[in-house]
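Each of the two complexes below includes chain A, the first together with chain B, the second together with chain C.
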Partner chain A sequence: MTVTRLAAAPLVALWVVAFGLAGVAAAETQRGEGVSSFTLDNGMEVVVIPDRRAPVVTHMVWYKIGGADEERGKSGIAHFFEHLMFKGTANHKAGEFSRAVAEIGGNENAFTSNDYTAYFQQVTPQALPTMMAFEADRMRGLVLSDAVIGPERDVVMEERRQRIEGNPGAVLSEETQATLYQNHPYGVPVIGWMHEIAKLNRQDAIDFYNRYYAPNNAVLVVAGDVDAGEVLALAKSTYGAVPRGPDLPPRQRPQEPPQDTRRTVTLKDPRVTLPSVQISVITPSYTSAAPGEAEALDLLSEILGGGMRSRLYQELVVKTGIASSAGAYYRGSALDPSSFTVYAAPRAPDGLAAVEAAVTAEIAKIAADGVSADELDRAKNRFTRSMIFARDNQQGMARIYGTALTTGQDVADVEEWPDRVRAVTAEQVRDAARKYLKLDSSVTSYLLPANGDRS
Partner chain B sequence: MNRIDNEHVTAPVHAALVVFFAAYFFMLAALAPARAETAIQEVRSTSGVTAWLVEDYSVPIIAVKFIFEGGTTQDPAGKEGLMTLMSGLFDEGAGDLDSDAFQLALDDAGAEMGFSAGLDGLSGSMRMLEEKRREAFDLLALAVNRPRFDQAPMDRIRAQLITGIEASARDPETQAGIAFSKALYGDHPYARRSDGTPETLRSMTADDLRTLHRRIFARGKMHVGVVGAIDAATLAQELDRVFGNLPAEPELTAVPEVTPKFGQEVRVDYPLPQTTIRLAYPGVKRDDPDFFAAFLMNHVLGGGTFSSRLFDEVREKRGLTYGIGSGLSTPKASASLSIGTSTNADRAAETLSVIREVVAKMAAEGPTEEELADAKRYLIGSYAINNLDSSSAIASTLVGLQVEGLGIDYIRRRPDLIGAVTREQAAAMAKRLLSVDPAVLILGPAADGG
Partner chain C sequence: MTVTRLAAAPLVALWVVAFGLAGVAAAETQRGEGVSSFTLDNGMEVVVIPDRRAPVVTHMVWYKIGGADEERGKSGIAHFFEHLMFKGTANHKAGEFSRAVAEIGGNENAFTSNDYTAYFQQVTPQALPTMMAFEADRMRGLVLSDAVIGPERDVVMEERRQRIEGNPGAVLSEETQATLYQNHPYGVPVIGWMHEIAKLNRQDAIDFYNRYYAPNNAVLVVAGDVDAGEVLALAKSTYGAVPRGPDLPPRQRPQEPPQDTRRTVTLKDPRVTLPSVQISVITPSYTSAAPGEAEALDLLSEILGGGMRSRLYQELVVKTGIASSAGAYYRGSALDPSSFTVYAAPRAPDGLAAVEAAVTAEIAKIAADGVSADELDRAKNRFTRSMIFARDNQQGMARIYGTALTTGQDVADVEEWPDRVRAVTAEQVRDAARKYLKLDSSVTSYLLPANGDRS
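Up next is the complex of A and B:
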């Protein structure tokens, strides 16, 4: 399918891989060119990541505004607004920007998460000035009429039907988040609840635009065949000309109360034949964690459930063979406390209870006994290696920095990440398991056949 | 709803480093800067194995891709799914290393290895760190030449495949896809599920796998692409180690050409929030002299991400869908052009009729001069952008070029091939492909559609 403006779901699990590589890239500046960062006079941050291998450049503008920053009752406005950014401005009618991208064979898209909204184009370096001019133009120049609002809202409602309502797993995932977060807006889906999307209007969009779209709430990331000095000069002449907006209040969202219940979410659907289970807990994110804790959680998820060599896979899929899949992931890149999830699916329709028991046994074991030196070394090596491999992907690099800078991290945090991972001890990993993998304050989600039960 | 734009060409061929950087930075896009073209080297080993290589030392990694022609179509009757099962077993033990030992060795070597079975070929890939090159190639050589197909991993991967089939048994999208393939391709191997059925999977033995391995793994119909920190002489030695001892020619079962059955409607009734619509029209083979006329026409019709006739009419003007697109599919023994979208079930009939109008107009008039010129600019310019962004992508392209027999100079010739297409040729192609009554799949609530 054609992938269009992307939606919602935060990127899971890729974080570790992606995040890591940036550090290496910065540390090993092969041609004497490392990552540079600047701040324009109007408050816009700029990051330049040289990658001279090909005459290609990735140009991204990230705004520090996501689904979790929305006013209550207006869910989906951040993502809906992302769609509206492709409509016309006072200087360029709708479609002109996209046409300028297509004309030179470029790619473009945009995506919205809980914490950020980003727009990007991948083009030849010669086209970069044009892209920057267009992007700077729509930062403040958008013209929104009711004529464009209506059909685009229909598009977003179709997007929701396609991505969420048409997919039992996605519905369950949305309900799991809504249950896991009792107070924090991470419990509200980024794409929005349907009944609230349906009511979003032109005034909502204009208010949102005026409040959040300004250079002092934006980060420019340029990766590719470029020179930092040239990018800075171009940034000054394009984005630099956009006046600073009003100061934004700190991004303080309602936080979670202590969680002290074990909750269960069950979805039965006739489209499901084999059941599955996942258990989620709230954990600190890189930004909210105490030093070293998020790195320990990343290593914990790798050792417990990251791929075929992980404990869950080896025990449940290989040794006992009761599961067809099993694993874990940690969502570390978030402004506020995020989550850690373990999941598994039985081989046979009646195997759910046994699989769930085996998953909880592995959790109890890693919390009680910790991890071995060998497991820890292997996990760290895998992270280090993935960082080197990730340098092979220019857009991935740009996303690492953009994500970090819009979720409360800075360039130094990205660059120091590999060293911080290497410094994590086995005790820290065990302690992270003990402190956070607590079933008494978790959400267990079951996806079941229509006539299924949990036995 | 997979859309396959099988032009197969993608590659970077432009050199990493651009000269006169500061100067060209401010040039207009139209004035392409002078830049060296990175030569694709053809490397031939002592034993006669050839590979295409792009050297690049900017990141200390090596990406290897290869394909053995003859994919799931080579599964013997009654053993459907055998190639897929085999593709899951190459990191489950080889040579003297059992599954566990092999995976630990791979982890120690810091390499990533993967195999996957397609309709027309079995693909393999490995990504390795330059400093662990020997260890990684050792393991690849073992996997390619001496896979063990031990009982325990075979049973486990087989069980996972069966579980996967059972898990989707009531998934309407999966079942509709199977029904549509059957309707289009009948008894042809292209209609078969690549992962077989629980019955065929249960019938498989290690001997079946060994026989298939012997038939497919040969140098004759194999293509290799390598990108990264390795020179030609070193690669030649590694090629000998990995592929040099394979037999000269594979034993492939011929796959007959098949024309999909058009002029039919397949309905799958299911109470879903959206109706999914697919239309299949005739396509063109990749070696058709008019391939680029079809490629360009399709781009105007529905190939462009945010700019195509279907996107404008169905999404932008009417808000009927989140996604709509069209694509050419060019498997070895068939060809089609398909359109896919999904829409609110209440508006499915309207959506289908808008699509049919857009198609009818294209069939009658073809693209405009301006649309054609835009499509040419996009498809020429996007080639480098879409394919230069990772070593793995480049390596895949090198393999694709060889499979399609397009020649080592293809990337240089490509802009001219696209540029030469006239509006008349594109219009004639639109008429040829889109005047045919298509095969239509409608998946959604029973009450609407059509």
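Up next is the complex of A and C:
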């Protein structure tokens, strides 16, 4: 067993990361008890995040497998497998784990992204051993019979029907991603294409399980009112008993070629009443970026379109009032280069062209003139403060670590992140805008009413 | 050995297929000597096409491997391998085969597509045994050393630089295909993405060779002044001696999801002087289409945009004179659903919008009103006649069979094709236009000067 005890960074750093709380009180109550990380003999990583505010613990297991790791033609298998993990094992009937969580008033969920799949429960600390036992049991013990596979595939297909086919914005988003990525599997939807989900079978599920569900492809994150040593002892006795799986090759996906064209994607649908527009470009992620570039992109998105103090919101919604919404977001948490998106919707049905012109004007302006030192300072403050209102802090904190560790970052990257954000200069933000916000290599998407056009 | 001797179809059928020549003279000189096909014990298919007009023979070997069969991330390996096939074997130094062809005044070439890779020589019939011996030798005997791989990869990268990066139309075409295909590997360029070509190595080449270059994945096509029995005897003594390779799974590529968006792809480039536009949609191929649908699409492309008598040419170039070129083409020869494209270029730099409007008006008109019986008859005549002027008939004929047999068709499909084209009704053409020429699920590409727009 390898044990990595991080240097004595007070938890304040983490708090800034997770919630932007630079307050002294929180720092003092946490001082001296930092994040611990370990690696079990079977290769499973363990991260423990003390959070003594309440007698509650968040228990998460993250697998380094997501939609972008799927074999082509088998899209949706990662997400389908997330569903299958709630079926029975040799030791526990389907539903037993969920019932155990519910009976003690806990809650649970799971999620699948391009880069990871994760399972979590939030319970009282006393229930942690039980949660670990259940979770370790389903890591290798699932019973994958045809009786389980077929009906659950129908459930997933119905989920897709409701979430994608039933939602024009989701259809547009899927085809936008497929257009934005010309080669990388981030262009394939995580839920999977319907015609490929329909063909997923028991053997696909078994192959996937045997390949990817193993302690050496997993990260345990425990946040809450727990002691790191106790968590480690529990992890050893539960997860530590699960045999190591086959060694996996590096996660090298097909990468994007240079993009030299401007593309548009337009969906007209009778269910749409007000039009909207979004512009996306490929950008580096935190894992693929040059030092400081991802942090600059985060601040660029904050200044350009992060909430009500942003340029886009102030200009389009508050000042001219032509838009009902306007903003930007950067998807920095990804193993491979991801995307930066700017969006807006006009207040009136015929206002799309004016809104798009205003959006592109703001993009051109920030690339040409950059940002002021004062504007950058305020953005840094807003950016770090913005998470303090996150509804569930403990879960949010656990998610930050889980995401980082399954997308090529490590605990130190998470802890150093606030300092790296603070160090970003106005020039770096301007340069990021100039380098990446280029309409000549972008994808613009239009969601229009059935008889709408872009006017 | 399986021998399939086709029923006594006179070669006139083939001539109509290949060159639209319904003339009696050609039919009579060929009567009684049809196309033969065989399968060798090792699985290699053999097609012999008699053509007694001149003492010349076209010798082609086709492999059922193309760009769309490549592993993701290894784009370009099929085409790269086409280059490697001209390197040395254990028996013949690099260049020896080519020199043997040149010394007898023959010519040779090779080509790689999405679905196949083919090698051919055109020589005197006396040289056929030598060609077969060389070709059979390089089917398994290549020496794939690092000394060969590295320099040839540089050659391919330079080829890509010249053919793609050096040509804005080719760059636009690549990104158009990547946009048109949201899931199918037809969206990946056959020559490969530069960053993936750059990483192809010796092991990739060896794996590819061992997997795909084998008699049971190959089709021999011999057209010319030869006797089928003699060709078969030669094939047995040369190719027949090559051991069968591993059985290959069916060529099942990831298929397209439904497309619900209209997309555009725009390239602005200082090397462009006059703008142009093209509109592409996904259509079935001959292999994937319902009966009669591919034939209807071929006639639709002929009526809408096949040459100077077509609607687009007459309306845009002749009548209004707003365009310098206008036309349409349908890519019917493909294993999986392929595409139908309409294109036009304005006569004046500022004429793009008017030309695009005229193109979409013609599309709307043919979908709404269909085609007249007389127009269809003339199109059928033009369509079958159009190939008579093909520069090299014998090669063209061999290519038709080679393409068919490597894209899921058989010899009978080729022979019956003219009858199926003749049987298409005006309603089928109209229905094909209505079903497939839908702008709401199309990709429009614009090639513009550096400071151009679409006006």
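As a working rule, the second predicted complex is superposed on the first by the 418 of 455 C-alpha atoms of A that agree within 3 Å, B and C clash if a C-alpha of one lies under 4 Å from a C-alpha of the other, contacts with A are read in each partner's own complex, and residues count from 1 in each chain.
Methods note: a residue touches a chain if its C-beta (ideal position, glycine included) is under 8 Å from a C-beta of that chain, and two chains touch if they have at least 3 such contacts.
As the structure is a computational prediction, the values presented were derived from the model and not from experiment.
Of the two partner chains, chain B is the only one that A:S324 touches; chain C does not reach it.
In the superposition on chain A, A:V188 contacts chain C only, with no contact to chain B.
Look at A:Q259: by the touch rule set out above, it reaches chain C but stays clear of chain B.
Once the two complexes are overlaid on the shared chain, A:D225 sits against chain B while remaining clear of chain C. Applying the stated contact rule after C-alpha superposition, one finds that A:R382 touches chain B and leaves chain C untouched. Between chain B and chain C, more residues of chain A are touched by B. In the superposition on chain A, contact is made by A:E159 with chain B only, not with chain C.
Once the two complexes are laid over each other on the shared chain, residue contacts for A:S145 go to neither chain B nor chain C.
If you check the complex, the residues on chain C that touch chain A are 72-73, 75, 171-172, 175, 178-179, 182-183, 185, 187-188, 193-196, 252-255, 257, 259-268, 440.
Remark: chain B residues 1, 3, 12, 14, 16-18, 21-22, 24-29, 31-33, 35, 56, 58-61, 63, 99, 103-104, 107, 110, 112, 127, 129, 155-156, 159-160, 163-164, 166-172, 272-274, 302, 304-307, 311, 315-325, 340, 342-344, 374, 377-386, 388-392 touch chain A in the complex. Residues 1-4, 30, 51-56, 86, 95, 98-99, 102-109, 122-130, 150-159, 161-163, 165-166, 225-227, 230, 270-274, 308-309, 317-318, 321, 324-325, 345, 347, 349, 378, 381-382, 385, 388-389, 391-395, 449 of chain A are the ones touching chain B in the complex.
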